[in-house]
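The structure that follows is given in the form of structure tokens.
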Amino acid sequence: MSKKVFPDAKAALAGAIKDGMTLMAGGFGLCGIPDILIEAVRESGAKDLTFISNNAGIDGAGLGILLETRQIKKMISSYVGENKLFAQQFLAGELELEFTPQGTLAERIRAGGAGIPAFFTKTGVGTLVAEGKEERVFDGERYIMERGLFADISLIHAWKGDTEGNLVYRKTARNFNPMMASASRLTIAQVEHLVPAGEIDPDHMHTPGIFVKRIVHVTNAAKRIEQRTTRKRAA
Amino acid sequence: MSKKVFPDAKAALAGAIKDGMTLMAGGFGLCGIPDILIEAVRESGAKDLTFISNNAGIDGAGLGILLETRQIKKMISSYVGENKLFAQQFLAGELELEFTPQGTLAERIRAGGAGIPAFFTKTGVGTLVAEGKEERVFDGERYIMERGLFADISLIHAWKGDTEGNLVYRKTARNFNPMMASASRLTIAQVEHLVPAGEIDPDHMHTPGIFVKRIVHVTNAAKRIEQRTTRKRAA
Amino acid sequence: MPWTREQIAARAAKELKDGYYVNLGIGIPTLVSNYIPEGVSVQLQSENGMLGMGPFPYEGDEDPDLINAGKQTITELPTTSYFSSADSFGMIRGGHIDLSILGAMQVAQNGDLANWMIPGKVVKGMGGAMDLVAGVKKVVVVMEHVAKNKDGSESAKLLKACDLPLTGAGVVDMVITDLGVFTIDENGGGMSLIELAEGVTLEEITSKTEAAFKVAL
Amino acid sequence: MPWTREQIAARAAKELKDGYYVNLGIGIPTLVSNYIPEGVSVQLQSENGMLGMGPFPYEGDEDPDLINAGKQTITELPTTSYFSSADSFGMIRGGHIDLSILGAMQVAQNGDLANWMIPGKVVKGMGGAMDLVAGVKKVVVVMEHVAKNKDGSESAKLLKACDLPLTGAGVVDMVITDLGVFTIDENGGGMSLIELAEGVTLEEITSKTEAAFKVAL
């Protein structure tokens, strides 16, 4: 077996996670979140963590379970509206929060992984988001400078992975996972299907194995639905 | 048939290309170049063109055929060493040239397509490439600022495309094609295989159809090999 | 008679042109997809990483890996492609989306938009709204013309200047309310009233609008 | 006896560690792949968009869609992945490649590297060299210790300062020549000689080296 494959989430985090670290967690809402790895973070007991994640989970699921245990000190997110516990802890001053527009967040992570320390964007010009940031005009349009993000550990969810660490995501569960896989010193992926290297068509891989240091096969990802919307079948 | 599908390369360029325009052409060496579209540029007779392309083709192939007809005024490239005609025209002062490191070129094109007017990179710091560019220190390291690139027309080669314009590239023929597809007002793709929308797995598409305005099915792409290197079969 | 939510959506749908790539916000904007004119083919973008968004799934066909930006289960179409959030917002920021239709709390006569936070209330975050209004070629706001306060009074939402924190500065191109339709010139030419809902008078809409506007009916 | 090209490559191969991702330049660096130590598994990156580069194809199996950065036909392995040039150089610039082995015209004692142009000669371009030396974690130069001039004289290539235009400033971590091995401290600690080729004397290497170096044999 490849040296990258770990028997379970706990083993994959062992010796890696420490108090005060910055982590990234993939997912949009509860779609494509590394839920089993997040549970392992809870079990590790590591505290004062900063999490970079588009959302903060919901009460009882996703990063919500680390709010319950008060392991999170700070969130860098674009939207945290689904989580009552988040609001409580934030209003009580127990939680720091840095709001970043969703596209700027995605780009900051992509930049961090690609060795780009800063870039200019028109998103947020003339708003609260621009406060304290350098503004500059290019070709007559106003832009603000945003910084790349790089973390200690990234927690990723993928549909399929091989023993080399190459990953394939499924449908909209891709979201923030590919950029986060590239933007940490240590990227750990939970995969629903683990296959030998050589089985996935190399033109279909979304994340090359170089970015993935540890990989765990999970069979119990919850994959919960937040808003179950349907239409009736015609009779 | 989809409104994006054109009968041939000449029709796809008709009404689009004008003297003095800036074009991008995909490919690395002769691998993944839009050769049939380049031939149509030659037939269009458009002149004073600026081409953004990693290489300038070789004598008689790729962009080399537009050097023969003197339709190219300026190249933005990282390496033009395979082309004698290029050297001649450059030394005679008939051709402008902007050298950009290969990774910076790829990133400038990606930035142009993604609405990023400028970014910082450590590539080229302390070299000729840094001359005239803003230098800045982030976290103790020196970086220079580079600008995004955006063109009038991008010429792309893909292995497979569907009638919606979704594209799939094959092996190392991918190279500069995906970023260039996103970084022009008008992107035209030549594809070796044209299929109805719905046939390609939407998780396998490399370029979403939104970026491709015109698509041409080609059956005669040359796909030449520059350096045929082989090993002997064991007897 | 002011327009209903459905009529606002139907009016907004007239802004769709064949071949457009469109991002629809939550609420009235979502209804626009029910009124796409015949002969017009558009692709809907969902900023969490999808082009070619299909309708809700049949009961039992819900897929947790297939949701829209409102976290609702949806389906795919023959035209669908998936991509990462970075690629999705590259598409948005790079000006590749033709039209964004979204709701608002306030719009100013210079095109400023406020729709993400009310100081003193719990802040949920801007999500992708700031990226959309900054990047998409044409931004259409659909909203009720006035806000109804708890005490029964009404407050104008079309203002000389927004007093809520902005989502974007000078980004709105068109506003469709239950009373009429306004355009906003992106080069500082101000706001113009171009349509009235049937039975709504110029006096009524003027009285309910703080913003200065030209009449161009 | 100075090392041969093959011996230089074999010495460079000792810098490979199990699990490394490595980019090899053209010339002597390419030979390094023939000397990968037993028990060490490395993946070769080709900056035109490939990880897991395999050997040349058998005659008749050449694929025009499968080339390396030297435009040579190659093959894929079970570990192979393909990606765009932007993703490839994101990987390089972002520090994800462990080791780059490449040739040089000149190296200075502070780690400056010159290997892309000679003023007055036709300029071919820097290709990906500037990105590689700026981004990769460890940069190892393999080269002949001195340049042989047309008149038969020799010029030092390990210099106090490069006089050719730089490819990168302060980027080289190690230099392996036919005469020995030097390390360069990235924090300004200067150059150190750590190995001599068998039979090469300290006097000989010193006489052929303009750069100042500490002896740490």
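Letters A, B, C and D name the chains as they come in the text, with residue numbers starting at 1 for each one.
One rule holds in what follows: contacts are C-beta pairs under 8 Å (C-beta built on N, C-alpha and C of every residue); 3 or more make two chains touch, one makes a residue touch a chain.
By chain, with names taken from UniProt: A, B = 3-oxoacid CoA-transferase subunit A; C, D = 3-oxoacid CoA-transferase subunit B.
Keep in mind it's a predicted model, so treat the numbers as computed, not measured.
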{"item": "A-C compared against B-C, more contacting pairs", "value": "A-C"}
{"item": "Separation of mean Cα positions, chain D and chain B [Å, integer]", "value": "28"}
{"item": "Intercentroid distance (Cα basis), chain B paired with chain A, Å", "value": "33"}
{"item": "CA centroid of chain B to CA centroid of chain C, Å", "value": "36"}
{"item": "Chain C, residues touching no fewer than two other chains", "value": "76, 82-83, 89-90, 92-93, 135"}
{"item": "Chain A residues counted as touching two or more neighbouring chains", "value": "107, 110, 114-116, 121-122, 169-171, 174, 202-203"}
{"item": "Every chain pair in contact, whichever chains are involved", "value": "A-B, A-C, A-D, B-C, B-D"}
{"item": "List of chain A residues in touch with chain D within their complex", "value": "3, 110, 112-116, 164, 166, 182-183, 196-198, 202-203, 205, 208-211"}
{"item": "Residues of chain B that touch chain D when the two form their complex", "value": "28-32, 54, 77-82, 87, 91, 99, 101-107, 109-110, 121-129, 159, 169-179, 206, 223-233"}
{"item": "Touching residues (chain side chain C, partner chain A) in the complex", "value": "46-50, 55-74, 76, 82-86, 88-90, 92-93, 112, 122-131, 134-135, 165-170"}
{"item": "Chain D - residues contacting chain A, complex", "value": "19, 21, 43, 45, 51-52, 76-83, 87, 89-97, 135"}
{"item": "Complex interface listing, chain A residues touching chain B", "value": "107, 111, 114-122, 136, 138-139, 141, 143, 147, 168-171, 174, 202-204"}
